[in-house]
């Protein structure tokens, strides 16, 4: 973010990484599209997705909604990494700008917490790809996440 | 939209419906997730998606990004329906508010043109589901689409 | 909103109109720019602003930020009208599309609640002006408002 | 922006600074609210505003719309600084998150170009204030600007 040094956030839950990865593994859509969580740090999560022709729009690029899917989860889990152990996270809203078509072999979504809050957490995200060894920006996101307490971070089993 | 009667737009291309449906059919992600285009009218497109467990986030709801995928295409094709025959469409940016979890059996995305322009078209979209016969709002979107000329609405085959 | 009949919301506070108008009157910026609250109904507030050359950007149109100022307050007070008597309201975030330059003599901002919630309320807003007796859309907004409890809706007096 | 080194953009117009400052000086709303342009660099513009009680909302903070006014102009002029000499700039849309109330003595809006384009330029902005010598983030913006050619960057005089 502009003029702000990367914040070093203190996680409230020492097991934050385990909780983030376990929740991500329950996001079944991630297996469906082949996304993989790589980095998990306090307030910072990366998710990778390889290009697949069955995820494309009419020009053969990854569909905007699929790119959004990985950067939304990267931002949501960046927020979740700073939450206490009894909390869960939901997306309130996000805005995404598409600055280049999603053409490439591998896409990396980076979600970062801008401002954690008791209820709402503001996050920033990007999706990048490599072109001839240089990172190219595909997408930039600004998102609001909400913390819900006393609610399991799992599907209910009725 | 507030205080505005539904506009009746005049399509520039009499074959707009064929062009919209044909382009949608080339969005391979739509087959992957099982989405189906229903209504196509000038400035108005609907897309349906049935619930599938393999498209969910950690609580068992449809992932926000998947819901975004269908409403983005509904808005994009609503814009495309008003464009001339040699144009194609891309999403510039969108903002989505998630007003209820995507729980339900069938989801309908409605994209509508708010303001068509020579270069940019502003669209509004919603995703709704039925609960006990009553429509429930899941998502509301505000989006900007861009028209590109002299560029085929197809993947290039290199 | 698309496919949704205008909702009829029940205010929690019978004195909602008095509370909304009194809070608006404490927004000193509104006197500074000459804005006036007209309609106040449950979940719906209108604010008017006459063109003034001292509120313009470089082309002589009202500045985007000034147009945003009135539609933000219209949305915020639409949300506030549905809140209990001990609550106050703040803007969490908004997104605004500028669909036509703010040229005209009188601008009307309309804020409407899309979905009221215990904590967050989603609102939609427009700004319109009259051109030859026909309403022209200038701006469309999608906004998230937050309710804060046990906090006076007034400036603290230190 | 995340993981991106500050770009060094090459201005197309060697007189970019003069053009930016001259256009800003024609934004009459800036004199009305007392805003001042400080830094102008290729793709980067800062605007300062001192607190004034006549620009506040009901709690005595600067109104969200006024904060938006300065960061919108900072982003718009950051984009304008990279445009050719015969162009002008307009805001297409923006999204703003309010991460802290606008309480403070002096507010600095920073607009930065994320991705310049032939037609559209994506910008990021923040507004910060000083609390006990430490910068506090008030607002973060993600915006789309459009370049218009062959149109004077001045009000027409009919």
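To keep things simple, chains are lettered A, B, C and D as they appear, and every chain counts its residues starting from 1.
The criterion applied here is as follows: a residue touches a chain if its C-beta (ideal position, glycine included) is under 8 Å from a C-beta of that chain, and two chains touch if they have at least 3 such contacts.
Small disclaimer: the values here were computed from a predicted structure and weren't measured.
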Chain whose Cα centroid lies at the greatest distance from that of subunit C: A
Subunit A-subunit B separation of Cα centroids, rounded to whole Å: 23
Separation of mean Cα positions, subunit C and subunit B [Å, integer]: 28
CA centroid of subunit B to CA centroid of subunit D, Å: 32
Multi-partner residues of subunit D (at least 2 other chains): 92-93, 95, 97, 144
Pairwise touch network: line, ring, star, complete, or other: complete
Contact set on subunit D toward subunit B in their complex: 92-93, 95, 119-120, 144, 146
Touch list for subunit C against partner subunit B, complex: 1-4, 95, 97, 99-100, 110, 112, 114-115, 117, 122, 124-126, 128, 135, 137, 140, 142, 144
Footprint of subunit D on subunit C - complex, ascending: 23-24, 26-29, 31-32, 53-60, 63-66, 68-70, 72-73, 88, 90-98, 101, 153-156
